[in-house]
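One structure below.
Each chain gets a letter, A, B, C and D, in the order it is written, and its residues are counted from 1.
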Amino acid sequence: MFGLDNKDTRMLLVVAVLTLCAPFILNPFPTDSAMAQFNAGYPDLMQRFVIFGIFAVGFNILFGLTGYLSFGHAAFLGVGSYSAVWMFKLLSMNVVPAILLSVVISGLFALVIGFVSLRRSGIYFSILTLAFAQMSFNLAYSVLTPITNGETGLQLTLDDPRILGVSATADGSIPVTSLFGLEMRSTFEMVVGPWAFQFNAGYYLCALILLAAFYLSIRIFRSPFGMMLRAVKSNQQRMNYTGLNTKPYTLAAFVISGMYAGLAGGLMASMDPLAGAERMQWTASGEVVLMTILGGAGTLIGPVLGAGFIKYFENIFSKINDNVLHSWFSFMPDGIEDFVVFIIHPFIGKGWHLTLGILFMLVVVFLPGGLVEGGQRIAKWAKKRKGKDSATPGKTTPAE
Amino acid sequence: MGILEVKNVGKRFGGLQALGDVNLSVKENTVHAIIGPNGAGKSTLLNCLVGKLIPDTGSVMFDGQSVLGRKPYEINQMGISRVFQTPEIFGDLSVLENMMIPCFAKRDGAFALNAIPAVLGQKDVLEKAEQMLEEMNMADKRHMNAASMSRGDKRRLEIGMCLSQEPRLLLLDEPTAGMARADTNNTIDLLKEIKEQRDITIAIIEHDMHVVFSLADRITVLAQGTPLVEDDPQNIRGNPKVREAYLGESA
Amino acid sequence: MSKSDLSRRGVLKSGALAGTGLALPTIFTASSAAAFTNEPTGSSVTLGFNVPQTGPYADEGADELRAYQLAVEHLNGGGDGGMMNTFSSKALQGNGILGKEVKFVTGDTQTKSDAARASAKSMIEKDGAVMITGGSSSGVAIAVQGLCQEAGVIFMAGLTHSNDTTGKDKKANGFRHFFNGYMSGAALAPVLKNLYGTDRNAYHLTADYTWGWTQEESIAAATEALGWNTVNKVRTPLAATDFSSYIAPVLNSGADVLVLNHYGGNMVNSLTNAVQFGLREKVVNGKDFEIVVPLYSRLMAKGAGANVKGIHGSTNWHWSLQDEGSAAFVRSFGTKYGFPPSQAAHTVYCQTLLYADAVSRAGSFNPCAVAEALEGFEFDGLGNGKTLYRAEDHQCFKDVLVVRGKENPTSEFDLLEVVEVTPAAQVTYPADHPMFAGGALGSCNSGA
Amino acid sequence: MDAILLQILNGLDKGSAYALIALGLTLIFGTLGVVNFAHGALFMIGAFCAVTVQRLLSLSYELVDETQKDFLGNPLKVKTPYVESWFGPEMGGAIIDWAVPIAILFAIPIMIGVGYVMERGLIKHFYKRPHADQILVTFGLAIVLQEVIKYFYGANPIQTPSPQALSGVANVGALFGMDIVYPVWRIVYFFFSVVIIGGIFSFLQFTTFGMVVRAGMADRETVGLLGINIDRRFTIMFGIAAAVAGLAGVMYTPINSPNYHMGMDFLVLSFVVVVVGGMGSLPGAVLAGFLLGILESFASMNEIKSILPGIDQIIIYVVAIIILLTRPRGLMGRKGVMEE
């Protein structure tokens, strides 16, 4: 189906089901239960999951296929966001032109940076991209403030000269982003017994774009172009002596992944029209590297898993505080309760960085192939067990 | 007039004159061996032919066109394929994929943004690669990871990859270096087969006299960066200068 | 527990959409009955405390969280009631807010606009917070203020000193208790005049981002009005850690006062470096060289240690104040945590109380009603004397403290001493002051 | 002229910190082939060794002073450090005053230990793994280390002053009839780093151990074939590299109050320094450290900033880009290192 083989089609369908049903899947706990803290099915976080998924999928096209480790990809995300917000300020609150512009501008930006940086390889390439991104961040934060609004980030104001649209709505507020009138923030809430599920228009736009982006990335992986990129990673010398010019291949991969980043940035601004300079900082670039490696570099679905993993920790673990802990363990006797809270305390709330750091190390040490490898191991183990239980062959894992 | 004409080529590295004044003519559809003791400049000469090095003086013409100043991939596209001393293949890719890449290079040129259609949909390339694998007797290994093969098989694959581009000139850089006797003999047989079955010119740099004398139609002996003699194998065998410079260096 | 959406309008629209696009069984849409965003319908109300828990301001954030917890405790009738007893408005009963128990959620701003907004959004969308408060930098405050305006919840700004927060970026749903750059300048100027005279040459080192710029502008204007000459204004990168190459040129610039428009780690390092370079012992133009740090924070001053001794600056509040309100707050905070509160803690404690009080007086959690109750609200007893929340720009006007690094501290908390309490009248400016020009409050958004 | 000399001095002084960190990073890379993102954390741990020593020395017993009140109005508890009661206020005060230099003695064994544990416990398993994995695991380690420090010491900077005797300014220009005053401790830092750098170089140059390590850096396999246990020596080198970073941190504390994220602040910069110097080249790292320090200082001069606004924000990166594009392997790098 869709020009994909069975395995890829199955994976695409799995991703489609997961993203489209995310409001259910991510909200497994009843709203009133203590475990509701772990629910991630609210619009903002779901949007972040898929947007960073797109970012990581794009990054993987460069890093996973060619092996070129860019440490400056956040710059493209930032440029995409700025373009989109400017589009909202100047043209219209419709997200389509904003997203298109952000993809185009970040593509151009990637073309320039890639053209220069790809003259070098290995860590020299990484440092070049890092240098460009840090320059962009530093300048955006300070001297480019007229364009970027520096520290605060580029925001919409009540007096934006919007050509197609109004500066302010009748009731004196800033208009909201929309897709031909469908407001990105509009949310439909479904309450089923103790559960509440939120279906957000913006999320579904992001999800559909993620599916498109994911589909495109599968096509690229399976195409002759993708094969060439893997060949670049494997042996550049042989490429050159086989009559292939590696530079346009790597540059094309760089630009494509830059455009993915720009798309993610544009979507981020479309969901929440603010573009902060921190989006371009090296730590943000590092984050997408971590997402990709953590999930499994070079695998199709790995980066999406990695993105979800990191964003989940950032948003869920950082919000757990001692009060929440006490409410979880309130069934225990006082002394033990306090002790348990005391033990867990360093790892939650302000300690979420610590937890994440430990998990990075555990994953890298024990699962060199990232989360995907973990999934495969579990699947293998399950298969074995199932094989023991019955003669029927186990289901193959979707986590390739 | 040979297919490859090397005229007055010289190359210096700092104080070292690696190539003095090399003249060489490789006739079409022959096997031309370049031999010489270590440090004679064989590899430097080869690198000048494929664009890795640019000679300081002289000219290199392939089929009437100068190769100087061209990038390796451009020279390859002109019709020169190179086999390396240690097999250079795409270790992370499968054998079949390894074979498909040169086929794509042949079909689409140095760069093609062929990003949407699936590889498996490219029937022409797929067929050609499969056929080449058959010819190389490697069809059964098509899904193997190339890096996991034996050295002899890697060599075979590399030669196959070069051949699938249908080059007019095949350059071999010590193709049997470091190989066991059996593998060496296999490689010799393979090259003989290629020589017999294809319209192809082969230039071979080799240390192993057994290989040279089993294959070459013509031999150039290089010593200290300059050609000592160029002659037929039987004459080389008896040439005292060659013995002195090369074969007899230990005598 | 009830949850609702960013906007009721959004809900209605998506309701229509559900009929066509999302063919899902509409069992019952909870929030369409709500009158405004996150209307508390149960027996409790949730407030969102969004503070930096990671990054350089984490300690300040931690202190804010302590104060929030204390405020919640007091609102719910626990503890000794703290400043609720000294607060001039007596609407709060110690039974929660409007009889609803106060609950809270916390989040991490990471001192990044993006992360802060993500965290605030999660509190609004997931936890049903009806008010967001906190933060330790102006960039974050402005970013979150914008979000709260869109979402239709009240934002109480926490620690933000930039003129822009209630200047060009002011919002109808946002209120600031903290003072600002202009007020620092206005409070410091007379003190500096008395101490250092009117014939001075000032050299500004300024953190190169919006907050730094507005403070530099404010202080330069205030000191120039005294007759001081501004020798140079030099911008330093936010990421700078070693300021020596910026300090060194001061030595031969002919300046006799160095103004450090830095905050947090930047302030600690630039001040430390300035003292290292012997600026304090220097005599220029026959006068002793002086250093001024317009915005002081005790927590940060600790990082500079002995280097703050004798250096003047302004601060929003200090625990050594002897008024009834401050004493009550220090007592209950100190008893609970064992050390005195910071100005950040004081600010957020006041804001929580003020919000709760406004709700009680308005009789509703509706942000528009709350905003109306806060606008033009005058009160006393929260530590800074008579205080006004001005309706025009939602800036709070109260006394500003001029402080000096203490020469002989008796404890690790005793770093600053109050030199002067500048009365509110002296730091008040017209709402249309040019430094605050450019923005508009807009109209209050309740999300309905 | 004075201003320029002052900035050169300043650049050398900044550069000495860069050079020390980059030196350790290069040692680790050159010997073990590991890209160590936790190196900044080692610098930070060194700085917190100084903080800890200072705290230990200032450990106090409390006496209640009824005449003074604390912030809650209770009688003030006056703290007196034990060392002052043991050695008398004068001697004890002097010991606390010299906490930072004293910390050097403690930091050396601690840092070598930390380095040893890190290498044996974690890094060892990553020699054969891709650089990306090394980056991820060391980055994770860096986060863990800094969060642990944050848990115990908080996020705010902690002042760690230099000894009184070394905290003033000196007129270094007096010799040349110029008036260039410069903080004494910064001059101390510069000479300290020169000594450390000189020490490392002579250690590698003149001892058998060093020769083996250098040979191993050039060609690990061959040295291994000679029957020399090169891994063991490399482990020791890791410890030494950690100690160099740690000492750089200890001595840095009086210059800027240490905080838990100071390692991350230096991390990117130190990688730029290493790459500009040339991966795997020790002299290159030192040279690049000083070079970037001086250029950074010049870029922050008003005269230059007025022509190129914001240049001080990006100078390091501009230099890195220019060097990498014109000298592909950095100033003194060897061919083929890290280019795969």
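Observations on the model:
We take it that contacts are C-beta pairs under 8 Å (C-beta built on N, C-alpha and C of every residue); 3 or more make two chains touch, one makes a residue touch a chain.
Just so we're clear, the structure is a prediction, and the values are computed from it rather than from any experiment.
Chain centres computed from CA atoms place B at the largest separation from chain A. Chain A has its Cα centroid nearest to the centroid of all protein Cα atoms in the structure. We define each chain's centre as the mean of its Cα atoms; on that basis chain B and chain C are separated by 74 Å. Computed centre separation for the pair chain B/chain D is 52 angstrom, with centres defined by C-alpha atoms. With centres taken as mean Cα positions, chain B sits 47 Å from chain A. Chain A and chain C have CA centres that are 32 Å apart. Listed for chain C are residues 58, 62, 208, 235, 237, 239, each touching two or more other chains. For chain D, residues that reach two or more other chains under the stated contact definition are 310, 313.
Taken residue by residue, chain B touches two or more other chains at no position, since every residue touches fewer. A list of each chain pair in contact follows: A-B, A-C, A-D, C-D. Residue ranges of chain C in contact with chain D, taken from their complex: 55-60, 62, 208, 232, 234-237, 239-242, 244-246, 248-249, 251-252, 265, 268-269, 272-273, 276-278, 281, 299-300, 302-307, 319-320, 330-331, 334-335, 339-340, 410-411, 413-414.
Across the interface of their complex, chain C is touched by residues 2-3, 6-7, 10-11, 13-14, 17, 68, 70-73, 76, 150, 154-159, 161, 167-169, 181-183, 185-186, 255-257, 259, 261-262, 265-266, 296-297, 300-302, 305, 310, 312-313 of chain D. Chain C makes touch with chain A in their complex at residues 1, 3-7, 9-11, 13-15, 17-18, 22, 24-31, 53-54, 58, 61-62, 65, 104-108, 112-115, 117-119, 121-123, 125-126, 137-139, 142-143, 146-147, 149-150, 164, 169, 172, 208-211, 235, 237-239, 439-440, 442-443, 445. Those residues of chain B that touch chain A in the shared complex are 50, 71-74, 76-77, 81-82, 84, 88-93, 97, 100-102, 104-106, 108-122, 125, 161, 165. The residues of chain D lying in touch with chain A in their complex are 35, 122, 125, 129, 131-133, 135-137, 139-144, 147-148, 151, 268, 271-272, 275, 279, 309-310, 313-314, 316-318, 320-321, 324-325, 328-330, 338-340.
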